[in-house]
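A, B, C and D label the chains in the order they appear, each numbered from 1.
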Amino acid sequence: MTSRPRPSVPRDKQDDYTPEQAQTRRDFVREQIGTSLAHVASYSLDPSTLPGNIENFVGVAQVPIGLAGPLRVNGEHAQGDYYVPMATTEGTLVASYNRGMRLLSEAGGVRATVVDDRMQRAPVFVLDNAVDARDLAGWIDAHEDEIRDAAEATTSVGRLVEIERYAVGPMLYTRFDYTTGDAAGQNMVGKATFAACEWIQRNHPDHPRYVLSGAIDTDKKHSQVNMLRTRGRRVIAEATLPAALLEEQMGVTPQQLFRARQYSQTGSFMAGSASNGAHAANGLAALFIATGQDVANVAESHASMVYSQVTDTGDYYWSVTLPALIVATVGGGTGLATQRECLAMLGCAGPGRVRAFAEICAAVVLAGEVSLSSAVLAGDWVTSHERLGRNREIQ
Amino acid sequence: MTSRPRPSVPRDKQDDYTPEQAQTRRDFVREQIGTSLAHVASYSLDPSTLPGNIENFVGVAQVPIGLAGPLRVNGEHAQGDYYVPMATTEGTLVASYNRGMRLLSEAGGVRATVVDDRMQRAPVFVLDNAVDARDLAGWIDAHEDEIRDAAEATTSVGRLVEIERYAVGPMLYTRFDYTTGDAAGQNMVGKATFAACEWIQRNHPDHPRYVLSGAIDTDKKHSQVNMLRTRGRRVIAEATLPAALLEEQMGVTPQQLFRARQYSQTGSFMAGSASNGAHAANGLAALFIATGQDVANVAESHASMVYSQVTDTGDYYWSVTLPALIVATVGGGTGLATQRECLAMLGCAGPGRVRAFAEICAAVVLAGEVSLSSAVLAGDWVTSHERLGRNREIQ
Amino acid sequence: MTSRPRPSVPRDKQDDYTPEQAQTRRDFVREQIGTSLAHVASYSLDPSTLPGNIENFVGVAQVPIGLAGPLRVNGEHAQGDYYVPMATTEGTLVASYNRGMRLLSEAGGVRATVVDDRMQRAPVFVLDNAVDARDLAGWIDAHEDEIRDAAEATTSVGRLVEIERYAVGPMLYTRFDYTTGDAAGQNMVGKATFAACEWIQRNHPDHPRYVLSGAIDTDKKHSQVNMLRTRGRRVIAEATLPAALLEEQMGVTPQQLFRARQYSQTGSFMAGSASNGAHAANGLAALFIATGQDVANVAESHASMVYSQVTDTGDYYWSVTLPALIVATVGGGTGLATQRECLAMLGCAGPGRVRAFAEICAAVVLAGEVSLSSAVLAGDWVTSHERLGRNREIQ
Amino acid sequence: MTSRPRPSVPRDKQDDYTPEQAQTRRDFVREQIGTSLAHVASYSLDPSTLPGNIENFVGVAQVPIGLAGPLRVNGEHAQGDYYVPMATTEGTLVASYNRGMRLLSEAGGVRATVVDDRMQRAPVFVLDNAVDARDLAGWIDAHEDEIRDAAEATTSVGRLVEIERYAVGPMLYTRFDYTTGDAAGQNMVGKATFAACEWIQRNHPDHPRYVLSGAIDTDKKHSQVNMLRTRGRRVIAEATLPAALLEEQMGVTPQQLFRARQYSQTGSFMAGSASNGAHAANGLAALFIATGQDVANVAESHASMVYSQVTDTGDYYWSVTLPALIVATVGGGTGLATQRECLAMLGCAGPGRVRAFAEICAAVVLAGEVSLSSAVLAGDWVTSHERLGRNREIQ
């Protein structure tokens, strides 16, 4: 273990976002630890576009993008056949989603809709006792308009739609819920909620203490409260898959899929899983990297609830609900060079497109569910004695 | 909505991993939807290195990398002052982690250790009834050696260390746990477990039906079973922060931090959160993209348990436990151009380095915890009447 | 295994609630299986009071009642020193609660308050697709008054206060929340919600299908949704315990308690527990049996969140929040012979007393937390080398 | 609020378990608060049998017992047609279970089996750092025999079967798992584990500090770790219900039940529920009170996983798994007057009967599931337009 700490990363306080500064830092890395960053240095983006996206810029990660699709989406906002850019280093991922997309498209496409929309910051107020905490909730009700004014004064986009409350001991946990336009909105709602809290602290007779997050916004963390109350967009994708198509393309029947669903539903329940589906995180991570989303949001966004049934006609209805899909078409990394191209490929670059993009995300997730679930099962059944005709009484 | 489906993405069955094929597909995109992929086309990696990492390659996502550190790590495997490449588009992320790293380094560094190591595939066996399912567990015990042999015959690296069992109804849910060397190992254990299941099915007198995943491996999904039983590496990072340093650099005291911990612990518990800490996902996502990890694993890897105490000397002990950190230094995207450079920067490229890398990951997460938790609190207390001397009896 | 089924239990369709009928059934038991029910036959209640409480009455379980207290409660509704009847067969339970009550009373008593009040029935509506389900939520908003009228027409007591909605796939899960006066109210809200659903089905143009419970009322089941959104009464009990008193009576210091709290909070979080406290179920089960509550509600009512801090004066603030306490002072078993006496002993028999009773329940739970947590710790520390002076740097 | 505290409950240190002492305390209640305990005073049990069951005895709660059954059980230990004593004050409960029992018996009875058996005490060891904590786990492995000897020296019945470990920060959370014969065993394993911990503390070179419960035994609390790892007995009851019988007796078809199962499975998953079934707590609470079980264990025991399928013959397979059924046929309240009669009625009084009793418990729970689930559905479908022939494509 070295005894003298190594020097700080060099930084130019005047203008740090230049190719030269990036080079300076890469040189620094070579000097300090002997590693050449030749490929990291190979990029086409303009470093001057990066303030607000990165600090101590040295270059880029080149993450391969594969093209899946076309995927037919019949959403309320996204309508058409989409080619989907997926940035990943995991072999077969693109091919697997592609397979699902083909099936879904041939089945007529994916219906998709955004059913709720709310981003939170969740301050906790700490009072002297439980009665005071409860009374604060009443006071907040009585001053809802002023609180909203204070919050919304900080933003031209965000709208405060609800202040949830959860009393514990001498504390009032709250969740301030906002719509945030086409942005993901975490910073927007942080700033607005800070203003709201300051207003409350100033104006409430007890000037209650608060911490801006009492942890129930569960920012960058999966949670049950997200499953229930939504974070970001709550999006649902659904399709009905003809039995013949399933058998032909996937080698499984609706009955086999449905039978296996019971195993995975029970297993997910016992395991306390964030999803009773297969692998939403795979498709979302690939889409998020490609399109400049905040990739850490995979932690929350991968929560999912699959619901399916065999229809009266013997076909297979399949839906996936994403209760906490956090996406944007403006802000964050969405305006960067490759990211913007990928959003554009989906017709989702810029304002007014976030719901369409959310619908596409959910449709992609459904494609992944269809493909992987069928593959796991077909693999099993191929090898299974069951398939060769042995008859079981149950399961 | 278009009535005729769009054409499939062009693909060369002979050799699809060439710059020309990537260009063909980009041209296809421009023809079909008019989007130019000029920046996506700008890459230095060699497409011929990409089989096994991507299909339908069109180019790359350029994700900006910032340099944080140095971070002193006193691990069992990672020892030294590290400069950490973080690929993100979220402004302040690198700066914030950097701040935490500086504090931790000045406090003497982060102790880190890998305390468990196991990757799962979790087949469910479906029997005729509960007694048969229970008896299968006994049969598996009696044939453990043969089953291990069958599994390990498929891999030169993976070692089967345990077969967990969870009985529900007529089903025996299992988790086959393996060590997987320096790989993340999901595919390795999938193949091995398939072989084991086939052996069981062939040799057990009832030839029991199974599905290769009963969902309790919770692959690409956070779960409570991961919190308890580990997935990937279970890694712990810890440090003791002198009170004076905390106050000077972060503007908070151990007492303030500890008081606020009670709010966030209670909130996390009520919310059913995947972490009682602040934002492990942020640091992990940035590290994962930079170093060629499977980014979808953020879904599982962000699970975390923070535990802290004020010490007898009035300083602040802070630990974070990552029960499901899924990382690799070989395989997947770890060998690609920029990714390998970033791993090399951490001294973690190639075989024999995965534990060191896991320790660094945990240390980085701890840096993020220290930085953000202090910032939230300092922001609050600055504005709080509390700080100006009002004396509260409680909380 | 017998091959001919045994006969049905005898039943008098005219008047089944007589001592003679009970005797007939006890005779039947003796004939069929040779068991004498001599003690079961020993009761003072009047069988004619039992319609609506039991079917096929044969006698009673005699559950011993012990007297704990006095417990000083400074609630909003319960104020005074209470002697608490606890029906249990678990030795030391009464003694342990008694010990906690004494400490709390000497510390000035327990503050207690009911902060929320809502009982649910949670129908799920199943539509043709997700858009229809979402639109149903809007339609329900637009017809809230009529729906409330339909629901409240079935009850003179219940008031519909909110209709929560949670969209998944083609389904709209709802929770109809009511206040239910002094009753627990499960039947009341079931009937009211059925009427509301029928109104919706009749009047909505699609006549949507529904099932009266989509399982998210989580009736008789612990759940995270209860932790967050309350079921029954949300009650908080709190007290500040002087350090000197704790040491003298319990042999522990606030610092020791607080240190151990960190272990149990972390453990509870990792285990996915229904409570981060010690044993709410013990006190509640004993109180519920004694006072004629529906004892199955222990499943929901034992959920609890303990929050504590060391105060600036070095004393120990301790609170427990019960988010799903389901209790009644009218209806169910509250009017039966011994049960009514026990409620009367607490000044809680009959209308207008349920909030006082809820406060007492929470205060009793707090007494149990104080007693057991201290005992576990004192036991440990007595035997621990730590106590004899060894100095640890951390934890 | 009274200003002078009320006096303590009178207690005779020589012999407190006499009718006279009970009378003294009832008189005391009348004097202090004016409440007569005439019915509480009416009991046939002998107070001298109560040491170890209650303190400050004043009399009994008379809880009405109804007789359900016969219920045919084809267990591994329980075999026959049982009349089931259920102590409750909730009207229709006995009738509803009775209905389910009849159906199950006519369908050939309930298969039931105990598939696991383990009771825990879960000490947490607190070390100086994570490495020491991890190493302690290794040390425990190396000294497993001595630790077992130390634990088992305290009990003639309990057998230590496993020491589970869960590392977090500087702590090693453990669960010491025992078989406990026919007892529930919480006290037995507490004493044994205390001895084991003391042995570890004495013999380990660091004399590690511990607390006897780190909360992951989740004693008297539902938890996810119980769902997975069992607490008490893991019991499964299952039956296949002929379609014709279901329709005739319950007015529902297998297809309707199965369709609705998808709603309740999804709802339970979203709600974070302790059960994806209907109401295990109802049957268990009634059985527990009647038979002298520790009723607080309903908190843990009500956890349940229902798994069902439509069989190839169109019938309905239905199973319920209770992962944490905590029951006894010796010790606790099982020897008291009415309680022993009720156990005797089930052929389950005394040693060697606990597995039979556990099987009966699970079979009773299944009867409740069958009855309530069918009732909810039949009620819905009766009123539903669906039933009258409207044809829906999906769900």
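What to note about this one:
We take it that a contact is a pair of C-beta atoms (placed from the backbone, for glycine too) under 8 Å apart; a residue touches a chain by one contact, two chains touch by 3 or more.
Since the model is a prediction, treat every value here as computed from it, not as a measurement.
The interface with the greater number of C-beta contacts, when A-B is set against A-D, is A-B.
Looking across C-D, B-D or A-D, the interface that copies B-C in more than half of its residue contact pairs is found at A-D. Between the CA-based centres of chain A and chain C the separation comes to 37 Å, rounded to the whole angstrom. If each chain is reduced to the centroid of its CA atoms, chain A and chain B end up 16 Å from each other.
The mean-CA centres of chain A and chain D are about 40 angstrom from one another, to the nearest whole unit.
Multi-chain contact residues of chain B, defined as those touching 2 or more other chains: 129, 166, 168-171, 224-225, 228, 265-266, 268, 270-272, 276, 305, 307, 317, 392-395. Taken together, the chain A residues at the contact with chain D in this complex read 224, 227-228, 240, 259, 262, 265-266, 268-272, 276, 305, 307-309, 311-313, 317, 391-395. Listing the residues of chain B that touch chain D in their complex gives 76, 111, 113, 115-116, 129-131, 133-134, 137, 166-171, 224-225, 228-229, 234, 236, 238, 272, 305, 307, 317, 319-321.
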